[in-house]
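Pasting a structure here, questions to come.
The first chain written gets the first letter, and so on, giving A, B, C and D; residue counts start at 1 in each chain.
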Amino acid sequence: MNTFGNIFRLTSFGESHGAGIGGIIDGCPAGIEVDMDFIQNELNRRRPGQSKITTPRNEADKVEFLSGIFEGKTTGTPIGFIIWNANQHSSDYDNMKALYRPSHADYTYQQKYGIRDHRGGGRSSARETIARCVAGALAKLALNQLNVSITAYTSQVGGIKLEKLYSEYDLNTIEDTPVRCPDAAKAEEMITLINEVKSKGDTIGGVITCVIKGTPVGLGEPVFGKLHAALGNAMLSINAVKGFEYGDGFDVNHRGSEVNDEFYDKDGTIDTRTNHSGGIQGGISNGQDIYFRVAFKPVATILMQQHTVDQEGNEADIKARGRHDACVLPRAVPIVEAMAAMTILDYYLLNKAR
Amino acid sequence: MNTFGNIFRLTSFGESHGAGIGGIIDGCPAGIEVDMDFIQNELNRRRPGQSKITTPRNEADKVEFLSGIFEGKTTGTPIGFIIWNANQHSSDYDNMKALYRPSHADYTYQQKYGIRDHRGGGRSSARETIARCVAGALAKLALNQLNVSITAYTSQVGGIKLEKLYSEYDLNTIEDTPVRCPDAAKAEEMITLINEVKSKGDTIGGVITCVIKGTPVGLGEPVFGKLHAALGNAMLSINAVKGFEYGDGFDVNHRGSEVNDEFYDKDGTIDTRTNHSGGIQGGISNGQDIYFRVAFKPVATILMQQHTVDQEGNEADIKARGRHDACVLPRAVPIVEAMAAMTILDYYLLNKAR
Amino acid sequence: MNTFGNIFRLTSFGESHGAGIGGIIDGCPAGIEVDMDFIQNELNRRRPGQSKITTPRNEADKVEFLSGIFEGKTTGTPIGFIIWNANQHSSDYDNMKALYRPSHADYTYQQKYGIRDHRGGGRSSARETIARCVAGALAKLALNQLNVSITAYTSQVGGIKLEKLYSEYDLNTIEDTPVRCPDAAKAEEMITLINEVKSKGDTIGGVITCVIKGTPVGLGEPVFGKLHAALGNAMLSINAVKGFEYGDGFDVNHRGSEVNDEFYDKDGTIDTRTNHSGGIQGGISNGQDIYFRVAFKPVATILMQQHTVDQEGNEADIKARGRHDACVLPRAVPIVEAMAAMTILDYYLLNKAR
Amino acid sequence: MNTFGNIFRLTSFGESHGAGIGGIIDGCPAGIEVDMDFIQNELNRRRPGQSKITTPRNEADKVEFLSGIFEGKTTGTPIGFIIWNANQHSSDYDNMKALYRPSHADYTYQQKYGIRDHRGGGRSSARETIARCVAGALAKLALNQLNVSITAYTSQVGGIKLEKLYSEYDLNTIEDTPVRCPDAAKAEEMITLINEVKSKGDTIGGVITCVIKGTPVGLGEPVFGKLHAALGNAMLSINAVKGFEYGDGFDVNHRGSEVNDEFYDKDGTIDTRTNHSGGIQGGISNGQDIYFRVAFKPVATILMQQHTVDQEGNEADIKARGRHDACVLPRAVPIVEAMAAMTILDYYLLNKAR
C-alpha cells in the first residue's frame, strides 16, 4: 500500500530520520529526456526554508537516480531513486519517544504495528512527500510532450480566500509570491496572517486549487476508476488533507438547469458553454479544463504546550521545540501538482490499453 | 476498473436498459448468515418510487444470488448475483440516440469507446449503483458481527442545511422522513423545496453526511492506502458526487491549537477529548467515530428544454420526457452507506493480513 | 482471487451444482463483433458427451450475455454472462457429503473456509472452466483481428506420446480425431488406451501442447510479468494441471552452443535460425512461434473403491457412481487455448500502455 | 510489473552496470527481528565466485537497508534497500553495444522500449535476482517463526540426474558440495561435467528441486490464485527458467487409482498415505510437503563465436570475453528458495485476510 498508480506506479519508502526517502517509479514510458534541473527545481519548490514564512529547516534535498535512465533518457525499466537524509542520527526526539503527539499518527501507528520509529513521525512524516515530487516531476516531463499542463496555487489561508474562479487569475504569477497565490493583495494578507500565527508557535489551515489544461477527451475508467475519484484518492493521500472537491464541488445550492453544461459547435469541434462539471463527465475527461480544490488542516506540530498521554496511558504535557511550519500550503502546492501529474499520466497510459 | 476493493471485492456489470445489473463479490468471509430480508430491504431503500418526492419509476428490484451461498451461509467462494431489468426493450430513448445530453456521460463514453448503449445512459446510469447496494448489504452483515455500524443521512438540500454535527441528532429518526434527514423541521423544508423544483422539471443538489461507529483502531494502509483516501475514492465513484471531506474538512479557518485532538486517559483506555480528525489519524482509524460529508450535484436529467449537439456536431434542442428524480439525495443515502461498508470491511480484512 | 488478467480481466463465479457458472469480462476492447456461433462452438468443444471417449453427461451449455454488448458489438463496458446449470438440485452427492474424496479439494476447502458446497466439488469442480472458455472465445475474436492464432492439441495420453515438434504436424487435422491429436495413428492408440482405462472405471493423465502464431514482438513485462510466467500461471490455474514448460523446457541436457538461437537477416527482417527459446526471450515475445506444454494428472474421480476419512476423521470407503471422464485431455484442449488467448490479449493491451 | 506479491510485495530496480540493484519490500509483518548475518549469508550463497565451478567475478554484495527497520526490527513500513554495483563504469561491453547476443534479451528489449542499457544485459541481467534474495531472506525469517522451512537443491545437470524423490536424501548435506546436491557421488559427476563444459567456454542446463515443509493447511486462493500457480509464476520469473512442475508433474503415465492420495486417520489427525499431489489440492495446501522442480536452460552467455545481427540488421559475429558461468544451477538454488519463501509468506498473509 505504499504503491500509487496502475501503469505509471510509484512505490516509496523512507522515514523522516532514517537513511533517506526514496522510491521506485515503474511503468514510466521509455525515451523521456530526464531534465535534471527541472526535477531538482520541483524538489526545491517543496523544500522548507525557502522563505521566512516556511520552516527554516534546511534540507539539501538532492535526488540521486539509481536505475532506469541511460544516456539521459528513461529506458522503460524501473527508476530507483533516493534523497539522503542529512540528519538521521538526531536525538531531538528522544524526550517525546513515548508520548503520543495530538493529531499526529504516533498513536495509530503504535497500535497498528506494535512498534514505530518515533523520530520526527517516522514514516508518517510529510518528508515522505519528497518521493512524490520526484515521480511527479517525471510525470510532468512526460505530460509536457502531450501538451498537458498542471498548475496549483494557494487559494485560501485561514479566513483569507480567493473568491474568483481560477480562470480569472494570471496563473503565471503564482511563483511570484512566497505563498504561491496569484492574487498579490490576498497574498500579502496571507503572509501577514501566517507570520502572526507563526509568532505564536501555532499553525493555520487552507485550501489549494489545481488546474489541469490540455487533457485529451477519454481519460477515466468507469465505474470504479472514475478520473475524479482517482484524483480525489491521490489528493487525500497527501498529509494533512481533509477534503477534495472538483467542478462545483460542495457548492450544491444550484438547479440542474443552472449548472448543466450545454454543448455547442465551436468552429467544427464540440465544446461546452460552461464548465461546472470541472472537465469530467461520467468519470471521463471531456477535454475542458479539469479543476479541483484540496483542503488542508493546520499542521499538527505546534510550539505550544498540549496535553496528551504516553504509551502506557499516563497523562502528560508535551511541547515541541525548535522550528515548525506555520502554514504548509505553499510547500504543498508542488505536491498537489505532483500527485495530479502522476494520476493524469497513469490514466493517459491506461486509456491507451484499449 | 469495474472492480472495487482489495480483499472484499465487488466487480459489477450492467446497463440501464440491458438484461440486468449484477456483480460478483469476491473475498467475502465464509460463514456469514445471509439475511435475505435485510439485503432486499437495502435494495428497497435505494429504489425509486418510494414516495412522491422521488422518481415514481417502479422497479421491482429483486436480487437473485447465483453462487457462493450454501444452506444460507457464505462459503468464501465468489458470490454472483443479478437484478433483472424489468423493461429492457424500451424504445423511449430512440429519439435521443444521437444527441449528447448536457452534463451526462453520453459524449465522453462515445469519444472514449467509439460506441455506446445510449438507452438511459447505458453503463453510466445510476441504476448501476444497485449492485453496490447488494455488496454493501453483505458487508454490513459482516460488520454487524464486529459491532461496526454505518449510518448516513441527508444533511443539505439546496440551501437548506443542517448546521449541527452528527452527534447532536438522533440518527434513529432518519428513516422517519422521506428525505432521510434526522431534523424533522429541516426535512419539511427540504421536501417543500424538492417539490417546487420537481414541479418545474428541474433538479437540486445537496450533501449527505455519514457516520461510522465501532471501527477498531488500526484500519488504514499508509501512505497510499490511507483510510480516508479509500473512503473518498469510494464516495467519488458514486454518480453525481462532486466532493468529499472528513472531520473538519473544508472548514480550514482554524489554528492547530484549536483543532488538535488531545489524548487523555478515559478509565484506563486512551481517548481523545475532541474529534476534529474525524476518527482517522495518519490514514489509520483511531477508534473514534469516523464521519464525512459527500456533495452531490443536481441530477443532469431535467424535464426542460436544453441546447446541445448531436454526434455529428449539429446543434439541436433536447428535452427529456416522462419522470425524473428532482433530488437524488434520499435514494443516495443507502448507496453512501454501502460504499462505506465495503471500504471498512475491506480495510478490516486487509489489516488482518499482517 | 477469482479474477484473471491485468487489463483484459475475467472474474468468474459459480459452483458445479449451483444456479450456474458465469463471469464478468472487464477491459475487453470496444467494437469487437461478437460472433455468437463461434463462442458457442468454443463451449461445445469443451462440453462433455461429445463422443464415446468423453463423459456422456449432457450439459446443454448455452451462454447468455447480460451486458457490455450492444447491437452485436462490445462496448468497452463489462460483459456479464451466465451459463445456467441444468441440474442444480441433484441429490446424487448426499451420500458423499461428509467424505473427503482422495486427491479432490474437499478436504482443503473445508479446512480453509470451514464450510463448503460438497455437491460435485462445488467451486473446485472443473465445470468452472466454462467461464474461461467464454472469455477465451472473446479474446480469440479480438486476437483474430491482430492475426494471432492459438492452437492446442493432445500430445500425450499415458505412455503414448507425440515425439515430434509441433511444426511437423498438420495442425488443421486436430479436430478430426476425438482426442484432438494431429497424428492419426497415435490418436487411435490413445483412444484404445482411454477406452481400456474407462472400462475399468479408472483415469489416465497426459500432456497438451499449445502453439501461438503471429504474436508481435514486445509482449511481456519484465521482471515479474514475463510473458512465459504469465502463461505458466494461466495454465497452472486449470484443474488437474501439474506442470508447464515452454521452448526446450525440461529438456535441459544441452549446451548453450547447441540451443542458443542465432539471429540472421531474413530478407530485411531480423529472424532466428532456431527457436529453442519458444518465442520468448528475457520474458518478452520475439515474434517467433510461442509454444509450450501442459501436464495433466489423471482426473481424481474414479469409479473404483477407495479408502478415505470423513469430516470427523473416521475411516471410510468411497466409490463414485455413474459416469466419469477417463481422460480429460481432449476437453481440456479448448481450455488451454482459452487461457492462452486471454493471456496474450491481456499482454497485448498492457504493451499498448507505454 | 517489477512488483511481486499481493500482501508481502517486492518491487525491484537496477541494472547490471548501473548504480546498484535494490528494491522495496512492502507488507512485511512488523516486529520481525532482522538477522543481518543470515541475510548477508543468503546473498553470499547467490554470489558468483564462491568456488572454481562458478563464475569468478567477485562481487562484494553487501546489502544496505534504507528504511522500515528500527532498533533491529521491522516496523511494518516499507523496507528500502540497495546493493551497490562495484563496477558500474565498465566499458567492457562497448564492442557489443549494437549487437544482439543470441538467446539474450537484447533484441526484445530494444524492440519493446526503443532504447536499452546494453551493458551486461542491463535490466535483463541475472544480477537483478540479488534483490529477490534480500526479500526472500526476510520472508524466511518470518516463516521461521511459523516453522515453515524451504530447501532447494540441484537435482540435475545436463544428463546427470537424481532419480529418487527428495525424501530419500539428507537435505542437510546440500551445502556440503559446491553444486548444492545432496547426493555426493552425483555431485562429483556434475562437477566433472561442469568443468568440462566450462573449459570449452560453453554452458549446460539442469533442474532444481525445492521442498517446503511445515506449511499450514489452507494456503491458496482458488480459482486464479492457486498456490501452485503462484509458485509456478514465481519460478518462471527467474532468469533462464523454462519449466515448472509440482507433485508428479510431467510424469503423467499413471492411472488415477495409482496416484490418488488416500486419506487416513493418523493418530487423530487427517493425513494422506501418499503425496503425489505435492502438498496442494484444488490449489490449496493440504499440510503435506510441497515439492516442485524447476528447469533451467544453459546460460546464453558462452565464450564461443556465434553468429548474429546488429541493430541495423547487418550480419555479424560475436564472442564474449572474460569469465562466464558454465552452470547457473548452484547459484540459482538460493534464488529458487527466495521466490518460494516470498510466495508462501504472501499466501500465508493473504489467508489471514478472511
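Quick notes on this structure:
Definition applied: a residue touches a chain if its C-beta (ideal position, glycine included) is under 8 Å from a C-beta of that chain, and two chains touch if they have at least 3 such contacts.
Since this is a predicted model, take the numbers as computed values, not measurements.
Relative to the C-alpha centre of chain D, the farthest chain centre belongs to B. Contact count check for A-C and B-C (C-beta pairs in contact): higher for B-C.
Per-chain CA centroids place chain A at a distance of 27 Å from chain B. Centroids of chain A and chain C (each the mean of its C-alpha atoms) stand 46 Å apart. Between the Cα centres of chain B and chain C there is a gap of 39 Å. Residue positions of chain C touching 2 or more other chains: 1-3, 12, 27, 30, 76-77, 112-113, 123, 222, 350, 354. If each chain is drawn as a node and touching chains are joined, the picture has every node linked to every other. Touching chain C in their complex are the following residues of chain B: 1-3, 9, 11-15, 18-24, 26-27, 30-31, 64-68, 70, 73, 75-80, 82, 112-117, 122-123.
Every residue of chain C that touches chain A in the complex is listed here, in rising order: 7, 27, 29-30, 76-77, 222, 349-350, 352-354.
Of all residues in chain C, those touching chain D in their complex are 1-4, 12, 100, 102-105, 107-109, 111-113, 123-124, 128, 156, 158-159, 197, 200, 202-207, 217-218, 220-226, 228-230, 232-233, 236-237, 242-250, 252-265, 268-270, 272, 276-278, 281-286, 293, 295-302, 304, 306-309, 313-315, 350-351, 354.
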